[in-house]
Amino acid sequence: MENDLLAREKVFRDPVHNYIHVQHQVILDLINTPEFQRLRRIKQLGTTSFTFHGAEHSRFSHCLGVYEVTRRICDTFEHNYPTKHAGDGLWNDEERLVALCAALLHDIGHGPYSHTFEHIFKTDHEAWTRKIITDSSTQVNQILRQVSLDFPDKVASVIAKTYPNMQVVQMISSQIDADRMDYLLRDAYYTGTQYGMFDLTRIMRVIRPYAGGIAFNIDGMHAVEDYIVSRFQMYQQVYFHPVSRGMEVVLMQLLHRAKFLYERGDMDGFEMPSLLIPFFENQITVSDYIRLDDDVLNTYFNIWRDHPDTILRDLVHRFLDRRPFKSITFAPAQQVKIKQLQALIQNSGFDQNFYTAINNSFDLPYDLYRPSSKEPKTQIELQQPDGTLQELSTISPLVKALSGRESGDHRFYFPKEMLANPESSTFAPYLQEFQAQIINGALK
Amino acid sequence: MENDLLAREKVFRDPVHNYIHVQHQVILDLINTPEFQRLRRIKQLGTTSFTFHGAEHSRFSHCLGVYEVTRRICDTFEHNYPTKHAGDGLWNDEERLVALCAALLHDIGHGPYSHTFEHIFKTDHEAWTRKIITDSSTQVNQILRQVSLDFPDKVASVIAKTYPNMQVVQMISSQIDADRMDYLLRDAYYTGTQYGMFDLTRIMRVIRPYAGGIAFNIDGMHAVEDYIVSRFQMYQQVYFHPVSRGMEVVLMQLLHRAKFLYERGDMDGFEMPSLLIPFFENQITVSDYIRLDDDVLNTYFNIWRDHPDTILRDLVHRFLDRRPFKSITFAPAQQVKIKQLQALIQNSGFDQNFYTAINNSFDLPYDLYRPSSKEPKTQIELQQPDGTLQELSTISPLVKALSGRESGDHRFYFPKEMLANPESSTFAPYLQEFQAQIINGALK
Amino acid sequence: MENDLLAREKVFRDPVHNYIHVQHQVILDLINTPEFQRLRRIKQLGTTSFTFHGAEHSRFSHCLGVYEVTRRICDTFEHNYPTKHAGDGLWNDEERLVALCAALLHDIGHGPYSHTFEHIFKTDHEAWTRKIITDSSTQVNQILRQVSLDFPDKVASVIAKTYPNMQVVQMISSQIDADRMDYLLRDAYYTGTQYGMFDLTRIMRVIRPYAGGIAFNIDGMHAVEDYIVSRFQMYQQVYFHPVSRGMEVVLMQLLHRAKFLYERGDMDGFEMPSLLIPFFENQITVSDYIRLDDDVLNTYFNIWRDHPDTILRDLVHRFLDRRPFKSITFAPAQQVKIKQLQALIQNSGFDQNFYTAINNSFDLPYDLYRPSSKEPKTQIELQQPDGTLQELSTISPLVKALSGRESGDHRFYFPKEMLANPESSTFAPYLQEFQAQIINGALK
Amino acid sequence: MENDLLAREKVFRDPVHNYIHVQHQVILDLINTPEFQRLRRIKQLGTTSFTFHGAEHSRFSHCLGVYEVTRRICDTFEHNYPTKHAGDGLWNDEERLVALCAALLHDIGHGPYSHTFEHIFKTDHEAWTRKIITDSSTQVNQILRQVSLDFPDKVASVIAKTYPNMQVVQMISSQIDADRMDYLLRDAYYTGTQYGMFDLTRIMRVIRPYAGGIAFNIDGMHAVEDYIVSRFQMYQQVYFHPVSRGMEVVLMQLLHRAKFLYERGDMDGFEMPSLLIPFFENQITVSDYIRLDDDVLNTYFNIWRDHPDTILRDLVHRFLDRRPFKSITFAPAQQVKIKQLQALIQNSGFDQNFYTAINNSFDLPYDLYRPSSKEPKTQIELQQPDGTLQELSTISPLVKALSGRESGDHRFYFPKEMLANPESSTFAPYLQEFQAQIINGALK
């Protein structure tokens, strides 16, 4: 089978890239696996659609998009920079299929409500991605093995960044890769915001391979700069939106409570959530893992509307009926004050273990390559007409301003009831004291 | 409470209308009910997202959109055509709140995968919409009653088209209403097609009230014509897409099989689908009804991947992993030939009761908004400078061409396996005979 | 030189097609000729920008766009339908360069304010296009001759539709050609209307060569139908807009008056319009012709603001300062009534020869091939899976409704002053009588 | 007359703002003046359309756009922040008309190819704007005087920033005003780039009046930040494009040469450019000034194609037929080297006074209010929930990076011939020496 091309290219209409072009039988077969189709039932942005209601798109769409951007990069490279001899730093189109497969499958291991779920159940979507690709029980693996026996490992190594060809690795994972390029455009489109828009066609004109990986012709500097700025703005405006995080925190406490009840044996008297049990028991097979999706969680929550535990029922209501926790920003040095607020919340009738949370969201918009760092970044290189390279932040003042500098905030979350008019509450003194600690949305 | 306005307008960012503006406390409270939040878990286009993967948006988004279009019509009417005295045929802004509530709630009774589900379980989403609005057990009803005791009935009567003010009725239900205007634009945006695009801002400039309901200034004729053409094209290109219907047919047979097994007692040995039992038993309370959503169905399907019944398991696989039935068009007079094909399918190892289906586009579940022939349509009137009215099709050749003429097709659905290469099949003669009946996608 | 490719593709950023890709040295050289650069100074839509102020784009942009659409069609044909042997009806990519040159140059002979200017000065832009391509004095000709000595004639014959390869001819001139596809999208973009939008990428997927020219795969029928409808709507809504025609009529009378004065010798006492004299004298060389553009006309008009002739000065003011004539529709049978109106206008102090006009605008949106017609149309053919062809209007009810049926109206134009309040006029009785003939914008 | 509203609002279709809404008779009358209609014949971006061919839009469109943005700001202010009593820092809607007129007319004094023309003829478009508004000979002035006798002076004082109400002044002129908001969006639309896009509707939601002028609610910080970044990027990517400046420099030298010839008496033997003479003589009346536009210049250039002066003819060819000068960047300290290059150019047969030029383009993307500065900027203030203000750059790292820091480059321009292959030139040694000084587009 190997590199078999379809007799006739197949296309998927896509609102972001217009068409997704599928040209290999392998790619079509991978899309048709149950593991990949499962991604239709996992939202790309988790609880963000509670804030931006339009953003109901799935990881399925995103993965097709990452594939398509990668395909276009390969086309550009093949057309303009084909290798003439080994070691010339240009593009070898025999790498195309491994790049495309890695692009398509890079998120295949995501579970429902990704980070929140992982936090409670200690799963790791990257490990699961590798496992789904390399475990011989999956259809994904069986299709990849038809290319060659070591092909699944190759694809997995691209995602793990250990694949020898750095051009392929950087297409999929770097500070300006097909993954990020798709999600910024897609999330901007579906949220209806414009922050994530940047000029993909211009970037496709200036991207190029070089011996060390991927670079950009210097006359495209502003398009690359604009992409970095867009990414920064999407994080600040969309991904870190305080209300979405207020729903994420409710979800986390809801899963936390369910696990707590299961471990205490208090799920026994009620309908058992069969598909979740392996996760409660922390004995998860590949087959268990790929049964899980957003719909399964939502349905168990729905069933738990009748559960005897008051707190579980209340948290389920807050999640399914969209009652986000409220929040204030605080400084790391204010931990003592946070404890005081937690005590006031406890006194107002809410179990602080399940009704408060800290959520710190920070992102590093761009960084230089720092060999000493735990996860060194591949810095963005611009190529001048004479072939020399210049690192992006040395010529862009905007990127320099963002470089090596984490952006985000620390937030403390609590039930909306704490902001009610104290006069109408039986916990008036606690509410008053609580509210007096807040100014302009921040802890005083 | 009544007409209480919010101290500060609240907005929802929307990719189609930019912002949804909420100005009344009642509207905000209705959006926050569990009944309305449930619509987040019901896809607007059902199985269409299996063909147009971008179209994963929910009825929640659509309902906000219908509300917003209605709000803009009210603004236009209030600004340009305020009534001076009773009977002048102009707009009385005291009708605004009932119009807005009806717009927001007009789809509140939709169940999961609407028409397919209704077909199997004999439910009626319009009846459920009325019930959710008027039954005192729902939060929707409780909020509406705070406006006035008869307000829920008023809102329900707008949706039932029995409300006395025809301007309000036609805003929500007519051949050019807020509902259709939103779904065409929204579905075009999310599918990534352009057929549904038309010039909403121009229509907002020419729409006007008159004694008989709603008309349009004649200089906006082409914008109205364009809307009619767009709607026609969306039906032909998107809503009646043969592949989406191929998934709908799989879903229908899957529910059909599940009901069959339940009725035969063959669900007993397996995990019971508690939330579905009232539907199997045909004893459905409001509370049962609003527990159901797409996620619940998908999750039971997911659980049934382990069910002992081979056919159920297979249909579940076809649905969750996207294996649509294939189809051919046929003429109504070819019923005998269809029977012959069904026999060939049965001989090839597929139970024809669960593996074949007729799907005529006229009966499609997405065709919710097409008034049945029993109900007379409200024709679209254009108003000339001297006040006289002209019916649209009398001056638009395009509309005349579409007027009074049903469009669509008859399709016969069957498993893709029937189109396999006969040489590789044990049922070669049947497949050969089957395939010999087809030319250019149609029954010979 | 011949088919020389540029070392590196050159691109022009374009708001409609994103990028225009230039790959041949010949194309780049043609763009850089004075004859082609002149098109920057000729508006694509003439007086339409007086109605849709955004539509100030030039023929230069449009010609680049037609080139680009043609280039994309060639790419599609070369990629999907390359000829294997002569007479197989597929695409011979050696035809590419002649197609591209014809596309780029098809409008090179347009003069300023095209139809109006031609009407007064009896020029013919198609003849001038041929002349500029084939006359050895032009730079365009010199560049084309470098490909081969007969290349200019080949290019001209494509535009004249006498070139033997009908695929090339139909790319540039047919009922669905690169010219129309570009101008619909471009004019829609610049006017800010949406009527001209259609799905170009979908059409690019279904367009294909066949022995008789160009056809479309039948599964793209709706995209082709949508294009026909869009074209119809642009004519009715934009190109035939009564106010733009009201400016066109002013322009025509202004040129008419100038020619009248020149012929009467009444230009002599004033600054002579040197670049226009060859046109007044009807002795026009290629060199004279390519000196003319919109700017030249506007500048002479500007100078004529000081001309001694009252009527010329007044018409110049009406044109430069945007004072369109007003209009009413009428039926062909109402000629006698029109004469009466003209008399009333004359009586009101306006020379009817220069202050009234008839403007009839009609378009044939689509037609079948009719061998007996003066200019038979190439009908649009859809290709079925088995290779047979079906003419478009036989399966599209919308196209059938438009087919063979001219759309437009007859309008009578006159000075706005005729609609003034009669009470404030010294010509009250004439105005009253005039105005009494009009109802709903039409002659009674 | 005063504040007379039109019986029915009039709209202009606009591709950027969808509709321009005109509600006052005064505004409609101002649009219809010859002075305002003249702006149709002056391109908004001068020579930029030689680089971005789509950008052929006029100052007419831009001025309507500035008017419309101002109108929307007034609507927002009137609706959300109406003044209750003098001195409360809120919006007094009696200021609306002066704001609208100033917005519409702020560019009325622009001449053709603005800065280049001003540079050669020492005109000042701001002074001419004031003059056209306040000089009793203009129609603009006559219309404004109908509002009240001091109204023209009021309008002029808004533009001069001396009007007492700082809210009105800042709407029209500040670091985030209606002028900039329109031109960024409009220029982005017409060039087909996306750098100038920002979220106008979001800014319209957060803009608000306060005692000191205009501020923004702090939750809209990122929309304001995005606007500043967009503006920076448009300057770097579009307005400072080296090729457009290469055409600007040709134009400057062309006008320079014409003036030189006129002053030397060498225009006498040829057709005199009557409309330009007042500028050559530096005796310009209002009436002279408003006769001039791009078309007039282009037409005189066109006539000069036959002029006896070789240099003038050559420069005219370079301009009309788009032959931009080429350029390299240099550092201010490299003046001596520039002199050496100029000598080489002179030696290669080009008069260095007319064939070389320095063009330095710098912009200050944002700055704080600096009382000591020559033209202190109004800094952008964000308002917190408790009413306190925070200056933008203190919370936006992106804006801080741009604040108080000029961006741009120094460029030296020369004829393209200097970069030709020396071997094919008679000036080989000079060309070789010249070319040896350049690396990566910069002076070594």
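Labels for the chains are A, B, C and D, by order of writing; each one numbers its residues from 1.
The criterion applied here is as follows: contacts are C-beta pairs under 8 Å (C-beta built on N, C-alpha and C of every residue); 3 or more make two chains touch, one makes a residue touch a chain.
These figures come from a predicted structure and were not determined experimentally.
Visitor: With respect to inter-chain C-beta contacts, which pair, B-D or A-D, contains the greater number?
Guide: So, comparing the two chain pairs, more contacts are at A-D.
Visitor: By mean C-alpha coordinates, which chain is most distant from chain A?
Guide: Centre of mass proxy via C-alpha means gives C as farthest from chain A.
Visitor: Please compute the C-alpha centroid of chain B, do the same for chain D, then give the distance between them in whole Å.
Guide: The separation of the two C-alpha centroids amounts to 51 Å.
Visitor: Mind checking the centre-to-centre distance between chain A and chain B? Centres are C-alpha means, answer in whole Å.
Guide: 32
Visitor: Report the inter-centroid distance (CA atoms only) between chain A and chain D in whole Å.
Guide: Here chain A and chain D have centroids separated by 43 Å.
Visitor: Two or more other chains touching the same residue: where does that happen in chain C?
Guide: Counting only residues that touch two or more other chains, chain C contributes 18, 193.
Visitor: Okay, in this complex, where on chain B does chain C touch?
Guide: 193-195, 197-199, 222, 225-226, 229, 232-233, 236-237, 384-386, 388, 397-398, 400-402, 405, 407, 439-441
Visitor: What residues on chain A touch chain C, complex-wise?
Guide: Spelled out, the residues of chain A in touch with chain C are 11, 18-19, 201, 205.
Visitor: Which chain B residues qualify as touching chain A in the complex?
Guide: 12-16, 18, 32-34, 37-38, 40-41, 49, 52-54, 56-58, 60-61, 64, 189-193, 271, 274-275, 291, 293-296, 298-300, 302-303, 305, 317, 320-322
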